[in-house]
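I am attaching a structure below and will ask some questions about it afterwards.
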Amino acid sequence: MRVTRLRWLVLAVCFVLLTFGGRMGVHLGAYLPTFACYFTGFDSYGGACFLAPLQFALAAGSVDGLLKALLYVVIAILLIIPLGSAWCGWVCPFAFVQDVLDLIRRKLGLGYLRFPEGLREGLRPAKWVFLFIMLLLPLWAAFPILVPSVARHLNIPFCELCPVRYIMPMLTGRASYMGVDLENATTIILSGLGVFFAILTLVLSLFKRRFWCAYCPMVLVLSFFRRISLPKLKKDVQKCTRCEICYNVCPMDVEQVFKEREKENVTFPDCVLCLACIEHCPEDDALRATWAGKTFFRSTRKGFSRRRKIGVDRHKNKDN
Amino acid sequence: MGKRKQRLLRALGRSAEGVLRGLEEAADRPKQLDYFIEVMRAAYVDDCLAERLELSEPRPKVVGIYCVMAPEELVYAAGAIPLRLCGGSHEASCAGDELAPRDACPVVKSALGSTALGAPSLYELCDVVVVPTTCDAKRKMGEELAQHTEVWVLDVPHVKESEGARRQWLEELHGFKRDLERLTGNRIKRRALKEAIAMLGRAQHQARRLYQLRQAPVPVVRGSEAALALHAFAFDRADSWTEAMTRLNDELEERTRHQQPSQGAQRPRLMLAGAPSIFPNWKLPNLIEEMGGALVTDESCVGDRYLYDPVGAVENTMEDMMVALGSRYLMPCTCPSFAPNDDRLFRLRQAVEDFQLDGVLYLVLKGCVIYDFELQRVEKLMRELGLPVLRIETDYNPEDVEQLRTRVEAFIEMIQENTQLEVGA
Amino acid sequence: MRVFAGIDAGSTYLKAALVDDKRQLLGVKTAPTGIDARETAKEVLDALCLQVGVEPMALAAITATGYSRRQIDLAGDNVTEIKAHAAGARWALGADSEVRTLIDVGGQDSKVIVFDDNGAVKNFVMNDKCAAGTGRFLEALARVLDVSVKEIGPMALQSKLPCEINSMCVVFAESEVISLLARRHDPVDIVAGIHVSMAKRIAVMARKAGLSGEVLLTGGGGLNPGLVAAFEDELLCDVHIAEHPQLNGAIGAALLAGRLAAAA
């Protein structure tokens, strides 16, 4: 089976389970390092993103809250180790939404947009900004020493900004989230930006592959563990012809994989381990995926040709 | 037909026929090689390529292509026929002597001579020629060709690394596409391009099959034969060529299974690196094989590198296919006109491993400075890998064959002696 | 006792050598190649056999080398000069020699062969395009100076300050020499300059081939002490001369004929 097809299947199943699993009796709790939105509702989600409860716990400001936050982090790490960035490529329900939008683009025959290097570099700090907002502002809410009137409303500042919080609940019938919270200036600004990001994400996902993922703080968090998490993308630099196919098929526009000329480990920070690069690499063993050091998927020219239906040799070699 | 053209036709036909006869004389040649010999004969000896290609009425446009950077997929998708024009004829290069500076390489001289005199006639068959700006000689050749025919210059960036260069290259290909549409009057449609990519994909797949078959420890095909078969792609329709190549590969697979070597299995395995040996300049491939070497691979843009890389389109949207073509025809190319060109050293290192090479003959065509420049790096690499390198500087003139023979023979002897010593030790 | 013959059919001289199966050199003979190398080879070999006292028909094997090696039909086998010279040098030098580079200055070409410690050929460079750096270069210029080729070597050694000869091409070098004579330069200095120029030219080849260890000079050039001195100055290392410099190739071919070469 083609890896892409398998990935679609896994993504779709995860999407259903995590978004609607609650209605079918699946309850994994809000511990997952993936964007299964917490705000799809307790009654609906089968498992949810740990970032919302983490922010709540930080904003509580108590020792108890901090311990709880620590627990969330530890559980997340334990979940990250075996899957690594595959959480983004294979599990994330919002990735599924983006990939569906991308599929619509393809069916419409539209090309994808690739931001120029300068813009990509300029936007790279965005996820760091989101991460700091997520970790620091709730603490400010917990200990409102300065401007308490603003701080009071910063319990879950990242979620307020996160486009996923506005989009995913719509799918579970909570359309009311999609709107600006007019309670006060702080909420207006935060939710206003959030709605803006949500619309931007929905629209641009139709043109740019995995638009949101480039700014997603979860991708960043997962990348912190790319050295110790078990799945890895590896490259044989000698076998690589630098044909750039891996870059063209990469939904995350990771350029370094084809450019790398020294290191074997090419699990770069933006990699979501979708394995499309291995699937489309035309050189035998130039790219491979390993889990705990064991190769489970490798590139072959035969596979490349077979997928394009150009390698159907008339008689199969019986000896092989 | 002008007298000069007639004379040139006769002269280059004779030397081309000599090469083809030489291949035909080998009784153990693969049977399926004859198809490719006939393609070359039609192009160079019988001068009847137009008839062979069976160009229906109204005659499709024919696009002449130099170098390996112009995507033939686009040409086919526009309903035109591509022909590869890089020249390898000594006689044509003499005719081109007066049209180029003395130090220009024979490839350029030969192309200029053939274009100016229209011999072989396939040069006259082209409605337009595409000249990618690779090396200085090719770039200036484009300018000179414009006196005789319509020339489209394809601006190839020389530094592949930068994103700007790659974007500009993509723009250039879009321009090429528009030009083709204007020439043929056909809009290049998504489906047509998809089919063209698949058609050339099948050709590339077969070329890769041959490449892999030649890695077998016992060579089942001569280097001169394999090079001719690959080269014939230049003058054939892609689908007919692919069919013939499939048959050849099937035959060679059969030979591999029955361990039928084409020449002695004990021969030193050699690579012909450096500048390309373009038909009918079969000087070095023939010398290597006559003097007891097994020519198992080359890195020539009319040989093993010609069809090696595939197009990696996935989405089959127009834009995606154009991006994939842009990548295919720029990025993996190891022509020394690119700088930096470390990619080439990686490819060579891999070839040494894949083909279990014993030595490298490095052809420097007189006037080809860029291949000569990279010789030092290649020598350094090969020293590291323990492989001897023999640099041979020559052009298409057969006058130095005897001197070269001694050097090639001594080189092969040297390798044989050394491998014997290793076995003995 | 089995006897093996080697024939080195060079452009100027044809050389023949006989060795026995104990790798002993039995005899050598040299004659101008002439027009018909095949005939000359027959004559030289017959004369050599007579001199040594072996029946030509009793020769165990004959191997030819040199420029006209393919014309020598009485040889059962032929090898390139590179291989023959390598074998000859290994024989001449013995195991503990420091020589790793052989420079052969022949009539029509010159070559540099570099060996590894086992005596296997590591690399070689040949000059085969024109007469620069070959015996012909010396011959032609000696003629301009009206000196015999035998004399120019010792003559060059007497010079204190060799003239500079810049032309590589024999024809241009000739006119350069003539103009030096016209400017009343001492012929001794001119002759020395010619040797230096030639050594420089070949030294470039030697460096390209990867010059290492000490040098063995063979070919007609080995008979010329002026050239030996010029090489020593140019390469900055000891230059040895084989016992039979001109016959190195023929001896090597004879050893190869008996498959005795690798035993060195």
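Letters A, B and C mark the chains in the order given here, with residues in each chain numbered from 1 onward.
Quick note on the criterion: a residue touches a chain if its C-beta (ideal position, glycine included) is under 8 Å from a C-beta of that chain, and two chains touch if they have at least 3 such contacts.
Bear in mind that the values here come from a model prediction, so they are computed numbers and not experimental data.
> Between which chains do we find the greatest number of C-beta pairs in contact?
Here the largest contact count links A-B.
> Work out per-chain C-alpha centres and flag the one nearest the whole-protein C-alpha centre.
B
> Based on the averaged CA atom positions, which chain is farthest from chain A?
Relative to chain A, the chain with the farthest C-alpha centre is C.
> With chain centres taken as the means of their Cα atoms, state the distance from chain A to chain B in Å.
45
> In angstrom, rounded to a whole number, how far apart do the mean CA points of chain A and chain C lie?
Using C-alpha averages as centres, the distance is 75 Å.
> Mind checking the centre-to-centre distance between chain B and chain C? Centres are C-alpha means, answer in whole Å.
About 41 Å separates the centre of chain B from that of chain C.
> Can you name the residues of chain A that touch chain B in the complex?
106, 109-112, 116-117, 237-245, 247-249, 258-259, 261, 276, 280, 282, 301, 304-305, 308-311, 313-315, 317, 319
> Tell me, which parts of chain B touch chain A in their complex?
Those residues of chain B that touch chain A are 160-161, 163, 167, 190, 198, 201-202, 204-205, 208-209, 246, 250, 253, 257, 309-310, 312, 314-315, 317-320, 322-324, 327-328, 331-332, 342-343, 346-347, 349-350, 353.
> Quick check: in the complex, which residue numbers of chain C touch chain B?
67, 79-83, 86, 118, 120-124, 126, 128-129, 262
> Hey, which residues of chain B end up touching chain C in the complex?
It is residues 388, 400, 403, 406-407, 409-411, 413-414, 417-418, 420-421, 424-425 of chain B that touch chain C.
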